[in-house]
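Next come two complexes built around chain A: one with chain B, the other with chain C.
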Partner chain A sequence: MPDLINGLVAITPTSVTRTGTGSTASINSDGSVVFGSCNTLTVNGVFSSAYDNYLINIRYLYVSGLDYLSMRLSSNGTDSVSGYAYQRFEADGTNFVAARSMSETSGLIGYGSMTESGVSVYLYSPFLVETTSYRSIGATYYTGSGFYEPIGEHLVSSSYNGFTLRDLITPRTKSGLLTVFGFNQ
Partner chain B sequence: MPVEPFEITTIYPDGTSETRWSTPEEIAQREADIVAFEDDRVAREAAEAEHAAKRESAKAKLATLGLTPDEVSAAFGL
Partner chain C sequence: MPNKNGFILLKPTSVNVTGSSPTATINANGSVSFTNASNISLNGVFSSDYHNYRVLFSGKWSVNNGSGTWYMRLRSGGVTDATASSYNTQYLYVYSSGISSSRGASSQAGSITFESYNRFTNILDFYAPFIAAPTAYRIYAQESSPVLQDTVGTHNIASSYDGFNVFGGSPSVDMISGRIAVYGFRK
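Let's turn to the complex of A and B:
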């Protein structure tokens, strides 16, 4: 990991943990994680004292159906399952939705379908013993192009070194590739 | 709904992996998640139904004012 480069630095997870019948996952030599048919995917050991803020880039699709993609912060593989709050904007054709959720068990980060979707999550201070904030920018295609932009907080002042991807409406299988970057300031 | 024990596999950068069975705590969390999924689904569907009913009510009221469906769509996105 080149410490002297300013900007985004790709981070290799210490491990990834998957669930789901027939699921697959592996860590590429460049630090990216490729996953297939996972119900949940936990990415371990990516947040540390090296950086305060991070960018998680994800491309993914659901094997069937469509759902909201959500995230839980984790510490040594154990998820934090409370204290999430978020506000989302959705634009789907002429439909525009703005909604707020409080006291949730995970943080909404995107909306996916059976067509390849993408989401970029800016994550602020997950490793610091402070509350964590995020801003997510996503694109997906279902009946047409749509954009989905949640922002949120994890209102628990603890340190986390990883995160788990899961679904918001029902457990689904999803496949894709993700990379975690640290902001080297 | 009782959840059966499920496999959890951890993969390392060198390609090695370990598979174990879920702990009672992890099973309990998955059961809680399923309850939360259902609660969320019911709440979401109720909110969507209420929103759709309000849209239809608004369209009907606008129609009584003489607006055509095209005008309602252009002006209000309904």
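Let's turn to the complex of A and C:
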């Protein structure tokens, strides 16, 4: 077998910032980010020319309430606040939900409640001066378990080196842990 | 804790490309960069070292922007398998408020990308293509608008395949520039 090249590389952010009363966020020695009671969490310096595509693994729960979890791309800590489009695809009990939203201020990536949830966000070409796309695959429990697996695009051809986690509707406090991986190429 | 990478970037032994003055280059780490391609084959990338594989197929239409559909076929020893009805595929289509599904058998699998006016990346998972048994596949495809069009399927010929082919089906003037990376899941 030839020399093995690691296909997924864990990336250590250069910094993290957050909002929310009593919020905390720190970078662990392995590059993962642990956060507590954050309204928003911005992860800086994770996207670069080294990789085109990324996987962001997130486990999270809301300290109170529930909301859709969303993401904004950021450049040097400044969020891009326009140009997001997404297609919802949900299965909740016996119901399917499909809906499309255009010209949004953030991209939907999942759903959250006061029970632990998880989502894997495949983020494609955020650092390239191209449009960015993503796919979310996750698991959430509210009144029961459900699929909340949106796909989306950010239709602005700029380069971004980070992202911000936030809520789609109302600022909520969230806690959890995330890791960013780059797909070697 | 034992340390063993589980997801390995693989390098094809060769690549074939056709298109409009196309190029295709195997990069040092193993991914394949290509330009103006309508048909790309990666050879010698599946082996007995791994059972299951993941492919990231990224690109952007360089000619005939976003008006065509691309498909996938398995390949062995430089020969693409296009046996009629050998790719049995189930489709899932989510478009605005609509959800639909269908099933069919064809000489090709997919779409693996379609009608994308913007840069796209789609995922192709192959389960045991090198083993002389039917190969299962799953394609996570999404395009502009945005639209989700996933497929799962089985190639029903019990042969071993060491590569695959992706190509624009209709219209034939589709050209994409981008990158393909193949990863093996350690056994």
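Rule of thumb we're sticking to: the second predicted complex is superposed on the first by the 180 of 185 C-alpha atoms of A that agree within 3 Å, B and C clash if a C-alpha of one lies under 4 Å from a C-alpha of the other, contacts with A are read in each partner's own complex, and residues count from 1 in each chain.
Please note the rule applied: contacts are C-beta pairs under 8 Å (C-beta built on N, C-alpha and C of every residue); 3 or more make two chains touch, one makes a residue touch a chain.
Predicted model, so just to flag it, every value in this text is computed and none were measured.
Superposition of the two structures on chain A leaves chain B and chain C fitting side by side, clash-free. Touch criterion met: A:26 reaches chain B, while chain C stays clear of it. When the two structures are aligned on the shared chain, A:131 is found in touch with chain C, with no touch to chain B. Once chain A of one complex is fitted onto chain A of the other, the partner contacts of A:87 are limited to chain C, with no touch recorded for chain B. Angle at the C-alpha centre of chain A formed with the centres of chain B and chain C, after superposition on chain A: 110°, rounded to the nearest 10.
More residues of chain A lie in touch with C than with the remaining chain of the pair chain B and chain C.
In the superposed pair of complexes, A:155 makes contact with chain C only, with no contact to chain B. Look at A:12: by the touch rule set out above, it reaches chain B but stays clear of chain C. When the shared chain is aligned, no partner comes close enough to touch A:177: not chain B, not chain C.
Contacts of A:53 after superposition: chain C is touched, whereas chain B is not reached. Once the two complexes are overlaid on the shared chain, A:105 sits against chain B while remaining clear of chain C. In the superposition on chain A, contact is made by A:168 with chain B only, not with chain C.
Once both structures are overlaid on their shared chain A, chain B and chain C have a minimum Cα-Cα separation of 12 Å. Overlap of the chain B and chain C interfaces on chain A comprises residues 96.
Every residue of chain B that touches chain A in the complex is listed here, in rising order: 6-13, 15, 29, 32-34, 36-37, 40-41, 44, 73, 77.
Of all the residues in chain C, the ones that touch chain A in their complex are 5, 7-9, 11, 27, 29-31, 49, 56, 58, 60, 94-99, 118-121, 123, 140, 142, 144-148, 179, 181, 183-184. Contact residues of chain A toward chain B in the complex are 12-19, 23, 25-27, 44, 77, 79, 81, 94-96, 105, 166, 168-171. Contact residues of chain A toward chain C in the complex are 1-2, 4-8, 52-53, 85-87, 89, 96, 98-100, 122, 124-125, 128, 130-133, 135, 151-153, 155, 183-185.
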